[in-house]
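These are the structures, in structure tokens.
In what comes next, subunit A is part of two complexes: it sits with subunit B in the first one and with subunit C in the second one.
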Partner chain A sequence: MSVARIDGLGIAIRTGSGVARVVNGVSLDVGQAEVLALVGETGSGKSLTAMSLLGFYPKKSDVSGSIVVEDISMLPLRGDARRQVRGRKVAVILQNPSTALNPVFTVGTQISEVLKVHQHIRGKAELRQKATQYFREVDLPRGDQLFDAYPHELSGGMKQLVLLAIALACQPSLIVADEPTTALDVTTQAEVLRLFRRIQKERGLAALWITHDLGVAALIADRIAVLYAGSLVEQGPARDVLTAAHHPYTQALIASLPERGRRVRDLEALAGDMPSALQIPGGCPFHPRCPKRMPRCESEPPRPAPISDDHVAVCHLYSEETGEPTEGLP
Partner chain B sequence: MTQGESLLEVTDVSHRYATANKRPGAGHWALTDVSLKLRPEETLGVIGETGSGKSTIGMIAVGQIAPTQGEVVLNGKPFAEAWEPGRVQMVFQDPVSSLDPRMSVQDILTEPLRAAGIGTPAEQRERARALIERVGLNPEHLGRRRAEFSGGQCQRIAIARAIITQPDFVVLDEPTSSLDVIVQAKILNLLQDIKDEFKTAFIFISHNLAVVEAVADRVVVLYRGHVVEEGPADEVFASPSHPYTQNLARAILGIRDVLERDSILGEAAAPKLDAAPPSRGCIYAPLCPLREAVCEQTAPSLAPIGRGRSVSCHVAARGEAGVAEARANGTQAAAGGASGAKTGASGAGAGASETGPDASGAGAEAPEEEVQAPRSGGRRS
Partner chain C sequence: MRAGIWIYIGRRVLHTVALIVGITLITFVLSHIVPTDPAAIYAGLHPHAAQIEQARKLLGLDKPLYMQYLLFLKGLVTGHWGISLRTHREVLHDLMTFLPPTLELVIASTVLATIFGIPLGVYASRRPGSAVDTAIRLSNAGFVSIPAFWLALLLQIVFFGHLHLLPLGGQLDRSYAHALPHVTGFPILNAIVTGHMAALGDALWHLILPSLALGAYSIGFIARMTRATMLDVLSYDYIRLAMANGYSSLQIYFRYALKNALGTALTALGLIFAFSLTGDFYIELIFFWQGLGTYAVNSIQAIDTPSILGVVVLVASGYAVTNLIVDLIRAAIDPRLSIQ
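The block that comes next holds the complex of A and B.
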């Protein structure tokens, strides 16, 4: 049973210089109490895919496919569905905690707004008490005094925790997190991830966690989906994707990652650049950069190959029936 | 370049940023008694988190700011005397905003040559042409402006601009932090190629231990404006000595964490001081699992521990036996550590700023380096 399900999502933006196909047939589902990490580089379409769960689409775009959040269809989007889903079922934590909070209101005012709308709490004392309870849950020090603090009085890590508290106050079943720890110091990042994972497990929350950092995905994700140029290239349990990556792009991402004990010459950098969404290559979108490409990759779009239960690689190197390596390996 | 042991020698440098508080002695001390050396052909990694003073040390190294106290020696002479245009260059974190949007790449690349008075215009153009290919772009890119380039390409241009004068060294301040991993790997490899070919020395500033480990020959670890540890990169990364460096090393995420993440997630969170540092003793003492009585009284100084390494820690300086002993007494210290952090934090708003460079002017806004959580909530109560 999944909390959110995206099927064959396509987003094409009409621009002055043509149609930008930013998301091409992405299918995902986020199960109950599960963290799915959506991994990709700049321009891979990871944020657009995730934001579609809230019914946020770019202007002048054509959207196809289906998006269902707990039995509510978000596509085509109707006003009442949007109100039912945003905040109530899906809450968001964004990358930059400084711009996500309003600088002229205390954090207490900002969490109270959510408590009034979503939990129908009235009365100053009650709001303060409930807010403090959420601040404590996210381990914010001196949660009782925080209510009257302005955002500028808090560090980046604390602001991000306030946003997590506000997200939890919505009582959502799914949290969409868009690189929430990228702007934080490494030690703070580790703590926020640890805390989030604990709360997520305690509350049985589902989460779609967008990140470009495989290290973050390694620590927090149950499953990982890798996107390239708007297409899903690999998806599976975190352990399988990271320790036994099958798609050449996932392998390239891992090979380029600085890790303990790696010197610069150990880092392998894939040739070429991510294609523009205006000019996605035909066939497999990765073929111009792929070190293992075969003639059929240039013309035939690959289909998901079942590597194992729940682990798929979208690549001609593997049979779409059996997931076994195909003939024609170079 | 004059032959000397060090290209750059920074000795006992402290730097204070002026703040709204104009009282004598007030202000934010971004650096306190920092010393470091950059040797020819070396990559010196400078590691630190927000507020560690790592960018300040970078700006001092390029002469952008003169330190409040201490001595900076370039090629054996005082910095101000030895400095010439083009001898010391810099690459910034944001490759896009560090390039002038109205200038062509050609103008961007030749500008340092014009400033330094190197070559005729024709020679300058020829150098730009040769270098643009060296950093992986095409001569046809020379006529374009920055808007036509991706972040990675902009950083290549910024690197070309920095090395075109064949400087003694280049300061790289978080040069890959805003780039995707594959692009980052390319830029790091490009920097290594440049180093191999031109023998340029680098000061590589980053908060990312894994990136510094990939590129650095020697490292300096900064915590709140103090050097807490330094030494050969491989040694420091293989066995970090200072408790803060150990804490940083643990916080680095890697894909292999997926195999043991339950234990990693289960670890107690490292305490973090959301407040001004203590006014005396070791700045890391409130958080330190190895803390002893002496740490709260006397600030340690950087002491050699062999194999070219130094550490600023009373306990680690005694060697492994000393650390083991401190760990044995450690359960108690660790329990005290958490409450110590809280005590420190609640006292933050009040006079931590009375004494010299050791105290950061609590409550003051620092123009360049942001202090982690000057204070939180408590002020209004």
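The block that comes next holds the complex of A and C.
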């Protein structure tokens, strides 16, 4: 039973220079108490995909497909109906902690807003107490004194923990985290990731974690979905995707990681760049850069091939029906 | 953590004092560039040489220039702002008599700017590019471009001349003006204090046209500034987060976003208040308002140097102090400012 499910999502932005297909037929789902890492480069469409779960779409865009959060279809929703889902069912943690907090209100006030709206807590003392509880839960040092602090008085890591506390205070079924550790230094990043994983497991929360960093995905994800140029490329259990990647793009991503303990002269990088959403190649979007490309890749878009129950690769190398390799077949 | 605010306050106050001293110096220098003979003016029509000499001694004009400046400064501080060449009264006394009506107009137009300008700006920022937004922006452009005195005359023609709805000028109808005791310099306050409700209504009625004429520019200006600042604020991540948390539109606009925009709006209001002090002069003339503007114009026509100086120092100091107050309020609202 999935908490959130996206089916064939397509987002096309009408720009002056044409239609930018930023998301193309992406399907993924997040199960109960599970962390799905959405991995991709900048511009792969991962943020847009994730934000659609909250009902945020880019301006001047046409959205197709289906987005379902806890049995509620998000696409047709507007106004109040949409507001009901935001926060209550899905909470978000944004990337830049410095701009995600309102500078003119104390962090205590900001988390209190959530408590008032979603947990219906009134009374200053109660709010303070509950807020402090959340601050302590996310391991914020001196949680009880933080209530009256302003965002600019906190470090980046602390601000991100506050944002985590605010997301938790919404008591959502799903948390969408948009690269929340990207702006932090590596040590803090590791701490925050470990903390999040612990809380997620304790509370049985489902999460969609966006990242461009496979290392982060490795630390935090139960399942991984890889996006390239707006299309889903591979999706499956984290261990399987990381150790037995099937799609050439995923393989290239993993191969480009520096290996610990081994000094390499040149890192293995894939030639070329990800195409702009205005000019996505026909057939498989990855074919111009793919080392294993076949003639049919140029004209025919591949469909998801079942590698195992839970693992799909969207590539002509694998049979749509059986998931067996089709190597050698034209 | 807010201890830094006292340092900030101290610095700003010192700054303002220095500014005002600078103003007095400039005013003094300017007054001595104008080629007139104050003594002759003081002595009245067709004076004898001896009378002019007497006036010169009386006004202290026989002393060296730096001495005159120091005496001028000393006088400012002790409350002796000189003697009006025209009315032969203490300038400060004159100023205090004519100040209240001006204050009334300027405060009224600033209030109008706040209660119309800020909401207009917020509504325009809700859906940029929409019909509502375009309409508001067009009217703002209108408000800001129309010359105040022209608008004043137009209002008089329409509302007094054609519609016979509002009075031509003055602060009160003659009948009330005599009946109402002079507790303060403000007819509105006098009416409230003495419980004279009919007079209160009349005073407010008289206030409408002049404050509209004076306030039109302010409304447009404030609305524009509020809209621009709101649009900027609304693009920030924390607004996105507020929307993602499911807060209501009203809450987001008027509480979350506006508080960030308030700093700029307040500075704008302070500027408007101070600016209105000068724009007010024309309006007073057109509406027969017995305030500083009328006093200043009469003084200028009579080349009554001490009075003119007095008005300049008063208005310029008013500007400086208003800006100081606005800065202090901003520091109170935005916690980041007191850190520097």
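Quick notes on this one:
Please note the rule applied: the second predicted complex is superposed on the first by the 321 of 330 C-alpha atoms of A that agree within 3 Å, B and C clash if a C-alpha of one lies under 4 Å from a C-alpha of the other, contacts with A are read in each partner's own complex, and residues count from 1 in each chain.
Following the convention adopted for this analysis, a residue touches a chain if its C-beta (ideal position, glycine included) is under 8 Å from a C-beta of that chain, and two chains touch if they have at least 3 such contacts.
Nothing here was measured: the structure is a model prediction, and the numbers come from that model.
Superposition of the two structures on subunit A shows subunit C fitting alongside subunit B with no clash. In the superposed pair of complexes, A:22 makes contact with neither subunit B nor subunit C. In the overlay built on the shared chain, the residue A:218 is in contact with subunit B alone; subunit C does not reach it. Of the two partner chains placed around the shared chain by superposition, subunit B is the only one that A:142 touches, whereas subunit C remains out of contact. Of the two partner chains, neither subunit B nor subunit C is touched by A:48.
Shared-chain residue A:91: touches subunit C; no touch with subunit B.
By the document's definition of touching, of the two partners only subunit B reaches A:265; subunit C does not. More residues of subunit A are touched by B (comparison of subunit B with subunit C).
After overlaying the two complexes on the shared chain, residue contacts for A:102 are found with subunit C alone; subunit B is out of touch. Residue contacts after overlaying the shared chain place A:153 against subunit B and subunit C alike.
Contact with neither subunit B nor subunit C is seen for A:226 once the two complexes are overlaid on the shared chain. Superposition on chain A places subunit B within reach of subunit C only down to 5 Å, the least C-alpha distance between them.
Shared interface residues of subunit A (contacting subunit B in one complex, subunit C in the other): 149, 153. Of all residues in subunit B, those touching subunit A in their complex are 49-50, 150-152, 180-186, 188-189, 191-192, 207-211, 213-215, 237, 247-259, 261, 264-265, 267, 269-270, 272, 274, 342, 345-346, 372-381.
Interface residues of subunit C, counted against subunit A in their complex, comprise 1, 236-238, 240-248, 251, 256, 259-260, 333-336, 339.
Contacts from subunit A toward subunit B in the complex involve residues 41-42, 139, 141-142, 145-149, 153-158, 185-191, 193-195, 197-198, 212-216, 218-219, 238-239, 242-243, 252-254, 256-270, 273.
Put simply, subunit A touches subunit C in their complex at residues 54, 56, 83-88, 90-92, 94, 96, 99-105, 113-114, 117-118, 149-150, 152-153, 163, 166, 170.
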